[in-house]
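Going in written order, the chains are labelled A, B, C, D, E, F, G and H, and every chain counts its residues from 1.
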């Protein structure tokens, strides 16, 4: 019984080309391939790298020598060897509806931190208690870009979209059951938002939302610093 | 070429049994059957009857003598020969998100009026402008039961559900396009509402929401008058 | 490896605002967050709280000192520290189709009991043996509000809806296989009920049905006592 | 601009092989092909033939000489040149829920008549008024095979399935709106019936249900006459 | 921690009413309820009973004293205390496409045997090798009713439907992957069969197909013996 | 009221690059754009071009001078200014299930003719009468590539796939109703074919099947002529 | 026959609150309501307003006096009384795949122009001819934000997403047939884009994409001008 | 407790009839049946056989004597007793988008090798870094047939389809999450490809793609060698 060693063609020029370095999406990749990759980027001179969807039991199964080379977070299932230098300006607000959405909200936060952008989380802002979002909106509007994370009916995206003039990205989560199971209800709700200009990412795609936000932050601050 | 005359078995005892008289859902019924029914209930001694989903072009195609026997409303596509006596107490609030939802909201209103229950409509309360629903909520809470009508993301149901303690029924509408087309997004959103105890009707089923509200109003007022 | 302590923003005013205290939906919440919450409400002075979807293996994994502070039920996966005071009047009937629907029917029952409302269960009333529901209907009609719980074809909702004048809420269950798997057939059937005024909750949402019933019971009895 | 004359390969031996002669499903066939076929079977010596889904405006557009060769029914959209000889024994009961289901119920009836089998229709038996089906069930149980036709929640199939020991076929109809639109809710409900041994046909497939019933009638009566 | 003992309302009169005794569908029922039921019917005087979807690991977990009271089959997941007396005449043919469909085909067979009807299985008749079904069709046509069991494209149902005049029931199986996963492709294909009069059961519903076949066998043989 | 003139960027090098010239898919294109394109290719020196999905009423509305420059076929809704030179060898077999599938089968045929490849149609080969396909299979196997066109259950693809060793492409058609409406059942069935190596095109995509067949014919005959 | 005059609650403060004035979505609104709105904003002193999804036959049916007050475009179905003042800096690139996508691409363009933002369209850039997008990418990268409009497989979004560092919004269109009908394939493809940070709008939602782009342009240029 | 020994009817003549020997799809087959089959083909004189979807834990559970008779590959889950003789000419290119698609790409490769056809894999060619596919396309075009394997948006199929004139088969993979979960997005995208003549297999059906490619290779090389 034998399987070929995975050969992986990295898009090393991606950072130069689109301002976002390649990341490794770990779900579905064979264990052997993941180990090879973790080893490659554990070496001192290697470029910064971000691993996403790296399950805790997979990471915990790696040798201690390898694990110690990474900053790993179990809730968001992310790991990096080192983050990029922090930008002087620019901040993202990450607004989420419930505690169960935390694994996605934290993936947004960790990815932005890795990319060097400051960010702040506003948790438990579900609209069934409107005072929760209303008490935070002034502070949220001080950010340069807003990411809304919600499952179930995802009504939070429409409410926030009607209260901010900032670029806004919405991430449906797979939190829920029945028709909301796997995030379909939240995705449909966000795509149908009655607030204008709310752009949507795939279900649970916190990484993508962070990249979209980073594209905006770069447009605002790299330009104005010219 | 010949077709059989439709023979229709009325559930005449329905009112006595469940407090709601039978109504005629006209969509999909052959023209000949509709005419027969309209004739039957145009006669002076006939019981009160409500026709729903009776399209304007169908109604307009009936002879004037028949049309004059009915109170017809084109927006809600409803007609009745005469409404039931008005109840002394009890009022429903009908809250809708946008102008395009009017055809359903009005079906709720007309059905309640036919059943003898007072009701008030609150239009254009979509949450992209939160002040709209917030400005009306005190008045809405004076009603005994609340019906929310919305298409697209249907976020209004969750927001209202978090602001009222009254029995609340939500009707998704087929207003929208893309993933919201035909009301699927709104239906899923309402069923997944983060506000507790929001009960849902089929898409565009204003008639059903009015019946659900009438069941509640009857429970409240017929009981307390005993 | 580290994860942030969850910070949870409680909607403490919810009971005052909508007559229903906040509950904790446990599915999908990290273990650490659940433990924090169970600890918080185990303290003597804490407000009444209801935990739903709290799996037996999760609850059993908590320390005995914590478990003893709660009334836990494995079938419905609910726990409370203490229930609210029982109301003097008002009763709900909970009608279910088969034994397999019991986990949802019991969630309805437990939630109502927690909220202080009396309730009675009518099990095994599936319409393939019509005598079962017909033998119970008189007793069911003595209740103030009716909840129907069914999976598969959910035909029970339509039959009961045609036999009672009371407010009626229908909960589809995820019981079934093939096209009925996960409750889609039951949900669609209930939303399409030929009986007027049957309002529907999300699949397996026994908690929501209890809240909807409680809104009605409150409307009937808090009003009439004024 | 030119189009080829349709060439059609008839399965003339079908009747001998499976006891059911080929029928012509007209929906989607080009007008020219339909006219050719109608002409072919209008000739005196031609075999018996049944046309299904032959829309009234299509049939009405044919020359009078052609139309007069057929027995056409607008509601069921069926036409035949002549029916097969009537069998001495054997009868089917066709039970339908509402007036709007009539176009399918009549397709069942017309197809059975064409095939020579006696049949009786029981209309307006929807379960929201249980007395309607209960008043007819004794008579229905005198038939040799039962066909149930219903849209919306299709609860009728389960109720009848629990009240008869006869072979039973269920046809969902496209009657309804929202989640019931195009018959999906009815199809799912019938396939999930809690009554054992209810077999289902495609949505609106009255022709297929009649063929299934005819297969059974043939098994019962051709055998016993041996 | 406590859960209520399940109380089960048996439809004992079902056999007298519809010719099919009640069976116990075990999937989704709590372990405690299953044990109670197995105990109840293990007693000497109890009526015949069939358990379906009784997983091997559940049955194996019961005490030996209980297990010995039943005839259990692991592939079909069925158990009975004793079968009904065999009928003198009447035979069903069960035709299946591939080895993986065996768990359903055997559920058909076991249920028919339990009900007292003779039956024969024709395995591995998939149409990608047409000779397989063609070599068996003469023997299949000697049966009184035919059940076709297939997953994937379920093309077997149409081919058999065009080669037999007997009543024919089709059971889609959940065998397959991609668009065929969980049996959707097979279900749609069977419902759309180009062969007339093929009636369809829910996915994997071998029990239902056996009941449908038994209804037909009863109609043929109980009648002719009169 | 004004609209911009459409500017269209032709992929003129496509023929050189992939052996297939660009074609114009007309559905959804504004009338003005279609007219501009028809005018452009009506000129004597213009390259060969194929228009697909060009509805008869659109084509008939063009001026006679334009129409006379094209070979138009109403059934397949295709038009060309001139076809490419015929190849000396190579032939495709196009097998279809029913008359209603003709509009797709003819699109396959017309596209192949336009591309210079000989082809033959085998109509009305549906498997409900197996003799139809069996009587043609020897002749079909003389072709170099096979295209199967079918709606409904699309069982024909599996049967042909098990009877030929030639490359085989399957096109589901939108012919059917209920679960077969719009071709979903046929698409799923073909993708799940139990015959190995059947490759599938989008629903009604006769043009794509012809291109796939042309890719194969080119591989066989351009190579062997080297 | 009478219908109530629509009463519309404008969100007049929306521009001040979120930087985007309210627009009127015309699809599904009754004719009478549209006329009232067009009249209201035709008056000299009225605020700027944008009507979207205003069908040509509806607009053409309005009196000339009303029509002359608006700048109407039939392809995008948009009308405005006057546009907002043009910004000094900031430009959007609108990249589309095929001619049939033009109606959406133009809605993006018209909405941006109305909001005062410069924009440029890049049509016919479908990836089946890669040279088309590669020849334009340098010019596209000079813009401040990119909108990609595509139907069918929507592969263009991923290709552009991998070639630009700018904020990028993707709009699936309803262009296509079979599985691509109504834009589902394009929506799914864009949400699943392998290029990081591509954010998605609802199907055909050109208006929403323009608003998302305007949020970004405002963030870049209103900030940098401070 | 007993289960019948599976009896399997092999289509031994398949190779002679369609040029492809029967293979054994192991998923869903009972363990006992798999063992019987592995034993049967482990004998020295047995014909060549391919097992697909044979999970590593199942294979590893077989006795060493049985395992040693097979060439097993864990990634592709395939095993053969011996491969067919290699053909002198003919080569397939297998192009895949990401590392996670490797399990399908390798099934294509292994199946082709088993069938005796040379093949080469081109991994990690996702279009988010266009240079990856562009650097390989010349070499890919040297093959006789191309197979594209991709999940998520599957944009690779359209890009390759526009760069090669060779017969091309596309296999969507179940790689992805959210709307891409289980391969639906990839399947829809490939079926909607804007490149002409891309034919599609079921999700994860690497075996089918290899068979389709083998049909083409046989057509090209068995013919030209005549």
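Here is the rule we use: contacts are C-beta pairs under 8 Å (C-beta built on N, C-alpha and C of every residue); 3 or more make two chains touch, one makes a residue touch a chain.
On a predicted model such as this, the values are computed, not experimentally measured, just so you know.
Asker: Check every other chain and keep only those touching both subunit B and subunit D; list them.
Answerer: Correct list: C.
Asker: Out of E-H, B-C or G-H, which pair touches the same way B-D does, with over half the contact pairs the same?
Answerer: It is E-H that repeats the B-D interface.
Asker: When the C-alpha atoms of subunit B and subunit F are each averaged to a single point, how far apart are the two points in Å?
Answerer: Here the centre of subunit F sits 49 Å away from the centre of subunit B.
Asker: Taking the mean of the C-alpha atoms as each chain's centre, how many Å separate subunit E from subunit G?
Answerer: 56
Asker: State, to the nearest whole Å, the distance from the C-alpha centre of subunit A to the C-alpha centre of subunit C.
Answerer: Using C-alpha averages as centres, the distance is 35 Å.
Asker: At least two partner chains per residue is the criterion; list those residues in subunit D.
Answerer: Residues 14, 128-129, 161-163, 178-180, 187, 191-192, 195-196, 202 of subunit D each touch two or more of the other chains.
Asker: So which chains actually touch one another? I want all the pairs, not just one.
Answerer: Every pair of chains in contact is listed here: A-B, A-C, A-G, A-H, B-C, B-D, B-G, C-D, C-E, D-E, D-F, E-F, E-H, F-G, F-H, G-H.
Asker: Where on subunit A is subunit G touching in the complex?
Answerer: So the residues of subunit A in touch with subunit G come to 14, 17-20, 23, 144-145, 161-169, 187, 191-192, 195-202, 207-216, 218-220, 223-224.
Asker: Mind pulling up the subunit F residues that touch subunit G in the complex?
Answerer: My answer: residues 1-4, 6-9, 11, 13-14, 17, 22, 25, 27-30, 33, 172, 174, 182-183, 187, 202-205.
Asker: Once bound in the complex, which stretches of subunit G touch subunit F?
Answerer: 56, 59-60, 67, 72-75, 99-100, 102-103, 106, 123-125, 128-129, 131-132, 175, 177-181
Asker: List the residues on subunit E that touch subunit F in their complex, please.
Answerer: 97-98, 126-130, 152-155, 157-159, 161-163, 176, 178-180, 184-196
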